[in-house]
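Single-structure report; data block below.
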Amino acid sequence: MIVIMKPGATAAEIGAVIRKAEQMGLKTHPIYGDSRTVVALVGDLTGITRESFDVMAGVLQTMRIQEPYKLASRTTRPDNTVIDVAGVVKVGGPEIVVMAGPCSVESRSQIIEIAHAVKDAGATVLRGGAFKPRTSPYDFQGMGLKGLEYLADAREATGLPVITEVMREEQVAMVAEYADILQIGARNMQNYGLLQAVGKVKKPVMLKRGISGMIKELLMCAEYIVSNGNYNVMLCERGIRTYETATRNTFDLNAIPVLKQTSHLPVVADPSHGTGLRELVPAMSRAAVAAGADALILEVHPDPDQAVSDGRQSLTYKEFATLMVDVARIAAAVDRNLAVFTEDAVHVK
Amino acid sequence: MIVIMKPGATAAEIGAVIRKAEQMGLKTHPIYGDSRTVVALVGDLTGITRESFDVMAGVLQTMRIQEPYKLASRTTRPDNTVIDVAGVVKVGGPEIVVMAGPCSVESRSQIIEIAHAVKDAGATVLRGGAFKPRTSPYDFQGMGLKGLEYLADAREATGLPVITEVMREEQVAMVAEYADILQIGARNMQNYGLLQAVGKVKKPVMLKRGISGMIKELLMCAEYIVSNGNYNVMLCERGIRTYETATRNTFDLNAIPVLKQTSHLPVVADPSHGTGLRELVPAMSRAAVAAGADALILEVHPDPDQAVSDGRQSLTYKEFATLMVDVARIAAAVDRNLAVFTEDAVHVK
Amino acid sequence: MIVIMKPGATAAEIGAVIRKAEQMGLKTHPIYGDSRTVVALVGDLTGITRESFDVMAGVLQTMRIQEPYKLASRTTRPDNTVIDVAGVVKVGGPEIVVMAGPCSVESRSQIIEIAHAVKDAGATVLRGGAFKPRTSPYDFQGMGLKGLEYLADAREATGLPVITEVMREEQVAMVAEYADILQIGARNMQNYGLLQAVGKVKKPVMLKRGISGMIKELLMCAEYIVSNGNYNVMLCERGIRTYETATRNTFDLNAIPVLKQTSHLPVVADPSHGTGLRELVPAMSRAAVAAGADALILEVHPDPDQAVSDGRQSLTYKEFATLMVDVARIAAAVDRNLAVFTEDAVHVK
Amino acid sequence: MIVIMKPGATAAEIGAVIRKAEQMGLKTHPIYGDSRTVVALVGDLTGITRESFDVMAGVLQTMRIQEPYKLASRTTRPDNTVIDVAGVVKVGGPEIVVMAGPCSVESRSQIIEIAHAVKDAGATVLRGGAFKPRTSPYDFQGMGLKGLEYLADAREATGLPVITEVMREEQVAMVAEYADILQIGARNMQNYGLLQAVGKVKKPVMLKRGISGMIKELLMCAEYIVSNGNYNVMLCERGIRTYETATRNTFDLNAIPVLKQTSHLPVVADPSHGTGLRELVPAMSRAAVAAGADALILEVHPDPDQAVSDGRQSLTYKEFATLMVDVARIAAAVDRNLAVFTEDAVHVK
């Protein structure tokens, strides 16, 4: 850490900074410039906050020169984390995994039908919401436990592992009972109780970036999960909130190579939320794979007109099938390929 | 709601929109322009989402012309909601309430000492965090239950009612046992389970705007609480995340008159988080009161240098005392005055 | 346009809106709902602003349902505009054009050497700044006219057409003398005098999106150029300013398919500025082409360490050559190919 | 400046950084930590950019510890700059100056009438646009030279000095002929040619913050003017672009105390653009003065319904008169008062 003193800071103020740092077990390196003095602190800064020095008399500001996350960092673990999903697919390896399905589970027959359709087009994980965080208390809030059961039925019918959102700590055990991947939604990125709870289960977790989450905050939230024992965390870019209103969100594809370079955890891209507009999803799915994403998560619905939620950004079966062909070509152009579902890999529960 | 058809939409597509709306019990008004057709929908739109029409063939976009919140709206309830806090002060009436105290409860003696100090300077509510949401899992997470007990001790000693944050659904009952106002933090603005839980208790709630929360989303979140039965909700502006880095957050004071005009709920301003810098807090406290805030919540610490969190934005006792004098002058200039603590109003538990 | 009246608007107020619209030659369609009245206006709204009605008594708000740009819109002109650059390459057709070179022209030998190097790697347009807009008045401001002459020398030596920035109206004639494409920088997106000036020359223009420009504003600025007679406008996505600081800008790739769907003008992507970090440029160049960009503009420098500006985001020759191979594979995967320089196409001045 | 080396940087790489810095005349202080090495550079860094080091092999990042503006900084000049406007009022001293008038000059009689009205209510400077930067090329672009003449007529009639916008370098001499304060609009904050041009005239300048301008960029732009010889620069906060859409802009009042603490230049607040909504202007005018603004600039129109631009945010005469009374009370509460127009101070041209 670097502590920058104000112009005119007194020797006593500088001395106080040095003593405080030394009491914390740090080595100090004061540098006396013409108009300013700077004190560099070296050692184990893991538990030390900038605030400890920011507030001292004579201090202008502090700067941290090491990232505060540790277990999620590629420095700590240079090799990619590869996450096995129910013995069916691996996320983070050479193959690109496509997760697809409706925004919300609407009925048993609906989810089973969609599962077959997306499997036919090449998806290897089924998505579907049972618990829905909705902006309005008057909107549809999801089917709940019934939805989880229907997802399990769809898995039974097709062999596709299932990803679904868990919104509350108290639901973690129940959702983990049914799901193969637990999704933490954007609104809950910093719901630390929930992060700790999913850190204690054995199922893979997909953590979505908050709508105004910084990349380093996303990594700190992953750290909450990993430091509780669960290393199987996928990071999901799903668009951020900016001033631009032509799209529902601004899809920050820069985050994909940044996360790949900074962390060993796999990166999932969500072009459905990243754009909010069905007609942009194919182009941005291609772009996400070209940028290095390990997986895509996509909303697909047989009749978006009748979807209870997110219809505007859901693909029809036909659009999804076309997209899969196009994305496979991009995958090949970056020396990867789409994961393929093989019957003998089927998850038997 | 207004449904705008694409140029070239067919009569069949327009007809489908009209039929769907009529099945929902709405009256329809198609308007045929030279290049576009628009269908206006009139009636009770409370449970109807824009998505229902957005996804239909031939539809370009939809626009809503009524706010989706209802119980929190001033249209529904023209008079200000005035919230009685433990029989000691009222928030939302002519008096301006100042809540002050440390970011975190650090010890029994610390919180009691600060309570006396802020009371002496004119504060009428004591703030202090027992459960702390922290970006890093390695940071101090608060004293927990012990912190709640110490807050209760400080109330006992001074008579000041207490506001403290509740972070998880499962803590609501426990925190409500000790606190006079339950605070929902910015990261939890859209933690709907938590909102519903505090909607079912009898204690006043202060709901903080999320770091990227839109004003209308803040009102929708208030609606989650109010629609569960608890009308005693204060809305808190605490700064939003923008590209500007000179301050910790961008303090959106525009939100104060917008909220006062749109809703009947009281508005609290948090200049400590709104700026993140102690030296800006006095100016922005004055500005918030001049803009119409009903209350201020401020971080005060006897020795910010030693604070375990948020020291950079905490006021010293002396700075706080000076601020109170200056704010009282602004209050007078807008025909209000600071709430005063009277011994006979003391909350006896 | 839709004019939404306040609840409780009087018949006289509604009548005033109707009369005003009719005086403007519009047809009006009042719709009387239970709690609100809406007046739809139909006809030629080109010269009519929302403000005319926003301000009237009893009006709550207005909404526009047609885009305000016209000549730049794909509705007006369904086929892609294909821009011939000096008879050497075409931008907006099936081929993807790569423009490359240093941020700033630093010397005659430097720019000629780089021109050869980027041509060898497959670039077909040379970029280089002669006039540099710099945040600080104390920074290097570019070589000016000398820089233009050196660019022309580099064109002479290699046959590559040249793109360079024009910062001021008074420079337009001079820069047009030397450059094959006039670049309008992000800071000048809304410098309307400059836009009108380049609208009157015969050279192609590349218009960069402002650092906080909305997509529709970018199109309005293109409209300023096109409506002055110059249809040869390329739109350039170069990253926007958001709260994220891990990258210099947030590269808004969503803008690429949005612009391609909304407008007939070609779209250029600038991954150098879009990321600000050399190590992200290859991934984001691939992503931009996968998303549908018609061209890339990239910063390349033989020794970024010694570059006078933007070294942090400049590629070395070797990195650029590798990138070109990778981008060509992505181009093939979307049924396009990189433009190739053919000697007989050489621009003879 | 601080140069942070990558983990694993070689001694040769560190040596190269040190040699380069020493060639630049800087003193260097290498600090060898357990996992990282940092090199602190001390000396005159005015002409040295971070880029020079950012790009070197083995460098992770650099950090600047001194602000890059100099003449605009309060460190350089501790006392407030007080700007005399045409001998009539002083901006930056104890008195608060209110500038008021229409968005656009619409006719000779209009501007004279408004000048009398705002003078009667207590304004001491007349605002009015002759050249209007408009988002659409099809919108009203201002009256131009005629508008300037009418403004001069209104000054003649009332004695009020005049502020008006200059949009282009070539207009500077002409506008300076008529105006008492030259306004640089938000879209032109970084139009460096224009900044240099107004830096060479003798008239005071009001520089508006760009819609996405950072506070430090605003100060750098002021530096462009001041370093050209014109110290009479007022900084204007007029709202920034964020994700919030309830208001036209987010009025960043934090900027007022930040600018007052960082710079010696006077600060003007523009609540009309800062909110975009007439009903918010009174509250935010009070807030701006409470936060420390030295002046307000406000849009006033006799019949906003008929205004050719910005009617939605213009105050009526009556609203303006009420606002002036309320703002005077806030001024008194911060020990200031509104500037008063005295006949013998009248500017005779």
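Note that the chains take the letters A, B, C and D in the order they are written out, and that residue 1 is the start of every chain.
FYI, a contact is a pair of C-beta atoms (placed from the backbone, for glycine too) under 8 Å apart; a residue touches a chain by one contact, two chains touch by 3 or more.
In this text the structure is predicted, and so the values were computed from the model without any measurement.
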item	value
Taking each chain's C-alpha mean as its centre, the one farthest from chain C	B
More contacts between chains, C-D or A-C	A-C
Centre distance in Å when chain C and chain D are each reduced to the mean of their C-alpha atoms	27
Whole-Å gap between the CA centroids of chain B and chain C	40
Averaged-CA centre spacing for the pair chain C and chain A, given as whole angstrom	32
Residues of chain B touching at least two other chains	212, 241-243, 245
Contacting residues of chain C [partner chain D, same complex]	46-47, 49, 51-52, 54-57, 68-69, 133-139, 167-170, 187-188, 190-193, 210-212, 217, 220, 223-224, 227, 241, 304-307, 309-312, 314
Interfacial residue positions of chain C with respect to chain B in the complex	2, 4, 7, 27, 29, 31, 33-36, 38, 40, 42-43, 60, 63, 65-66, 75, 212, 241-243, 245
Footprint of chain A on chain C - complex, ascending	212, 214-216, 240, 242-247, 250-258, 261, 274-275, 279-280, 283-284, 286-292, 326, 329-330, 332-334
